[in-house]
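Each structure below is given as structure tokens.
Below are two complexes that have chain A in common, paired first with chain B and then with chain C.
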Partner chain A sequence: MVKKLFKHEFAAMGRLMLPVLCAVLGVGILTRIILFFESDTIGFNIIGGSSFLMLFVVMFAGLFLAMVFGVIRYYKNLFSTEGYLSFTLPVTPAQHLMVKSVTAVTFYIAAALAALVSLVIALSGDPLVEGVKAASYIWAHLPEEINKVHLVFFAIEFAMSMFVAVFSSFFLYYTCITIGQMAKKNRIMMAVGVYFIYYLIVQVFSTVMSVLFSVFALTPLMERVAEFIADNIYLCGHTFFIGMLLVYILIVGVEFLVCHTIIRKKLNLE
Partner chain B sequence: MKRTAKILAAIGLIIILCVSMTGCMKIDKMRERHGYIDEKGNIVVNGETFIALPYCEYLAPEFEGYYGSVFQSSDYIVNITDKDVPVLLSGFTGEKCHISKDEMYLVREVFDEYHGYYGEQYYCHEDIYDKIYSAIEAGYSPDGYKYDYTDWKDEDNNWDKEYILTDAQVNAINEVLSTVATMDELPFEVESYDYKYITEIMSFTEGMPFERYEVDIYKYESGYYIYDSQWNEDNTEWLYDDIYRVPKSLEKTFDEITAKTKEAYDIEIQEFESYL
Partner chain C sequence: MSELLRCEKLTKCYGTKTALDEIDLCLESGKIIGLLGPNGSGKTTLIKLINGLLTPTSGSITVCSEKPGPKSRVNVAYLPDNSYLNNWMTVKKIVDYFKDFYEDFREDLAYEMFERLGITPETRLKSLSKGNKEKVCLILVMSRNAKLYVLDEPIAGVDPAARDYVISTIINNYNPDATVLISTHLISDIEQVLDEVVFINNGHIVLQKTVDQIREENGKSVDDLFREVFRW
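Coming up: the complex of A and B.
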């Protein structure tokens, strides 16, 4: 049943996202065609510059829409009138959450890949070839003190953290919507309110941590910590990235539990 | 429908492939201004080789936008890097030098250990190297005399205009230098610009990038003064410093010689006074 749910979820998101992905790729192709007529005139500089500006706007718009559609799909399919059908299916709330989040993240990553491919298309030819040469040269001529193996692992750890961070972003909105749906009226406003409360808590927490850090920075211990980091830069780097990954996993876990518990015990459909 | 879609997709891919094979004008321009130093110490820029010229005090090729620093005009700046540095990184590594407008000469700032400062090393294109080198070896033989002036009336291009002196004007200067007794010092302070205007007379060789400073002509309230200072060939030793007062009989000729400088000076004074 979960497989069928995935299939339908992908089809539904695909109907929304495919035109967006095609538009992103299309703008990349259009930009490349415009660059084909490159000249030194002011007119071309304006048109060429505008086409690149449009490309970057469309790339970010694609990512933004992927996020928006994923969140809207979650709300509509589970908490609007469609929810009556969804919750009659032989699928547990956990499976619903998993299907929704995996589909949303997949299309978000697809939008990111489409943006990257679009940029590659726009720069294809000499700019791309020279860009690759420049990147290879920089990699080959990194100072000997920099350990390339560690850099590769940093990149992998960072990519994994970002992957989980995308899940965390979606689950944050899912949590706000799930808490919001408990209200009798103005459920969306309630969800927005929950988001603002979360944002406020995060800001207060960040401010408190900044103040504590500033105070800590004035102590002699800070110097020793800085020395330790300088002497063990790779160890601290891996600790940081893996720590970030674990924090994101923890956040996703908490948000998942909140959504799951509310859906199981406090579901309030329209 | 499927077949049509496949054909359209194939056409689209071919278009993208063809379009993507084209170059990029900005990168082509960067390549034109990217060079490296080969095993022989020559500079190779976009496939063209430039060979270092020996030091010559009167070698002065014309460089647009170069006034003793390579950062004046980016159109004529060449980035010299190692041979394997990609063109996109050429602006961030290596050194910069300046290329002339006709792309026949390069000037590179090198550290002169003897003098303890950065001096200029000139390079010329390999096609004209033999000609220039032979001319340097043959010694300096000027064909005429000139000075640079600013023509404020030409709104499009007022810098570095040249006025070439006539034979009569050259003879007038030589007459002063050969017949008039020298003075001990100028009757005004050069450093505080007590004079009205100055005309720097240079000699030059026709068709060659050679010119040399000869004398300065100062216009002061009491008349004209010629200031003739010379350094040795290596610019390491000051040889002499002679000052001449131009006789009244030749002042009219000197008015004609310095007419262009005076015109620029009068316009500058007028503008200055209009601001007050």
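Coming up: the complex of A and C.
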């Protein structure tokens, strides 16, 4: 059943996202074509600059649309009239949530990759070769005290955290929409309200943490902590990145559980 | 005949309004049953509860001995009172969708009925009229070999000729061992195909009898009895 759900979910999301991905790649190719006619004229500077500006706008628009389409798809397919079909399929709420989130994240990553490929296409030729050479040189000439293996693992841990963070972003919107469905009316407004309450809580929490940090920053205890970090930079670095990954996994787990419980026990389609 | 649906003290409230009030109901297999009541009587609420689209406030409901959920949905074919299809889909895509998720879906039968209506597999749903969209939904539902068909207002808002089409599609295509539960307030159009009726009013079951019982005991047609029970 999950395989079939994926098949139809990818078809529905692909219908929306494939033109976006093509547009992102298309602008990269267009920028490269414009750069073929490079010259020192004012006209070229304006057109070349505009094409790069357009490239960056389209790259970020692709990511933004991937997020928006993923969230709208969740709402429309489960809580609008389409929900009458989705929730009468022999499929569990967990399967719905899993398939929707994995598909949305896949297209978000596809948008990020399309943006990267588009940038590579636009810069292909001398700028790219020079960039790769510079990066290789920096990597080869890193100071000996920097352990490259640890750097690679930092990158892997960071990438994994970001991957789970994308899930968490989608699930945050899913959770707001799902809680919003518990309202008797104005369910979309309720979802927006839930989002702002969440945002407010996060802001208050981070402000309190910043204040606490600044209060304790100059105390002997914090100095000892700073010394410990400096002496054990790799251990602390891995602890930080893996801790971040675990926090994101915990957040996704809680958000999944909230959505699942509401759909399973409190579903009330209008 | 085996029991298909059982509701015990089933209650559904929307805030302070009680849509269904401790109803007890038992439906058996192999019948065409009319769920009859005026607008706002609780018909759609009951149907949504059967399909698990609403959560009961209290009481219990079982469909084919299962609580409404993924297992019960294997046996229930549901036609809601509004179109639930994706407008961007073609007829072929929506048929594939039903075929993928419902093992009892009879693809050949669906295409046969579409052909009779002059609807090709490549037709986009958004290009169809409202009436034809409703017929597409009905064809998809009746192409299943389900144990329980739940049809919410299938003949509301359609012209008399289309009503005949809808009724004939239902009686010609349902699985004879199954039960068809049809909710409507247009009784005269559907009375001739009903075996049993359930009258519902203000969230209460006020009557459950076979059509033969009504004719014998009350000496009236279902339509006449309905008008008498629900007179303003």
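Definition applied: the second predicted complex is superposed on the first by the 270 of 270 C-alpha atoms of A that agree within 3 Å, B and C clash if a C-alpha of one lies under 4 Å from a C-alpha of the other, contacts with A are read in each partner's own complex, and residues count from 1 in each chain.
Just so it is clear, a contact is a pair of C-beta atoms (placed from the backbone, for glycine too) under 8 Å apart; a residue touches a chain by one contact, two chains touch by 3 or more.
Just so it is clear, the structure is predicted and the values come from calculations on it, not from any experiment.
Q: When the two structures are superposed on chain A, do chain B and chain C clash or fit side by side?
A: fit
Q: By the touch definition at the top of the document, which applies to A:Ile42: first (chain B), second (chain C), both, or neither?
A: In the superposed model, A:Ile42 contacts neither chain B nor chain C.
Q: By the touch definition at the top of the document, which applies to A:Val149: first (chain B), second (chain C), both, or neither?
A: After superposing on A, A:Val149 lies clear of both chain B and chain C.
Q: Once chain A of both complexes is superposed, is A:Ala230 in touch with chain B (first), chain C (second), both, or neither?
A: neither
Q: Could you figure out whether chain B or chain C reaches more residues of chain A?
A: C
Q: For A:Ala12, is the partner it touches chain B (first), chain C (second), both, or none of the two (neither)?
A: A:Ala12: touches chain C, not chain B.
Q: Report, please, how wide the angle is at the C-alpha centre of chain A between chain B and chain C, in steps of 10 degrees.
A: 150
Q: Just to confirm the value: shortest Cα separation between chain B and chain C in the superposed three-chain model, in whole Å.
A: 18
Q: Same chain A residues contacting chain B and chain C, which ones?
A: Chain A residues touching both partners: none found.
Q: If we count contacts the way the header does, which residues on chain A are in touch with chain C in the complex?
A: It comes out as residues 1, 4, 7-8, 11-12, 15, 81-85, 87-92, 184, 265-269.
Q: Could you list, by residue number, the parts of chain A that touch chain B in their complex?
A: 29, 32-33, 35-36, 38-40, 121, 124-127, 130-131, 133-134, 137-138
Q: For the complex, give me every residue of chain C touching chain A.
A: Result: residues 14-15, 48, 51-55, 69-71, 73-74, 76, 78, 80, 82-86, 88, 93, 97, 100-102 of chain C touch chain A.
Q: Under the definition above, what is the set of chain B residues touching chain A in their complex?
A: On the chain B side, the touching residues are 12, 15-16, 19-25, 27-28, 84-89.
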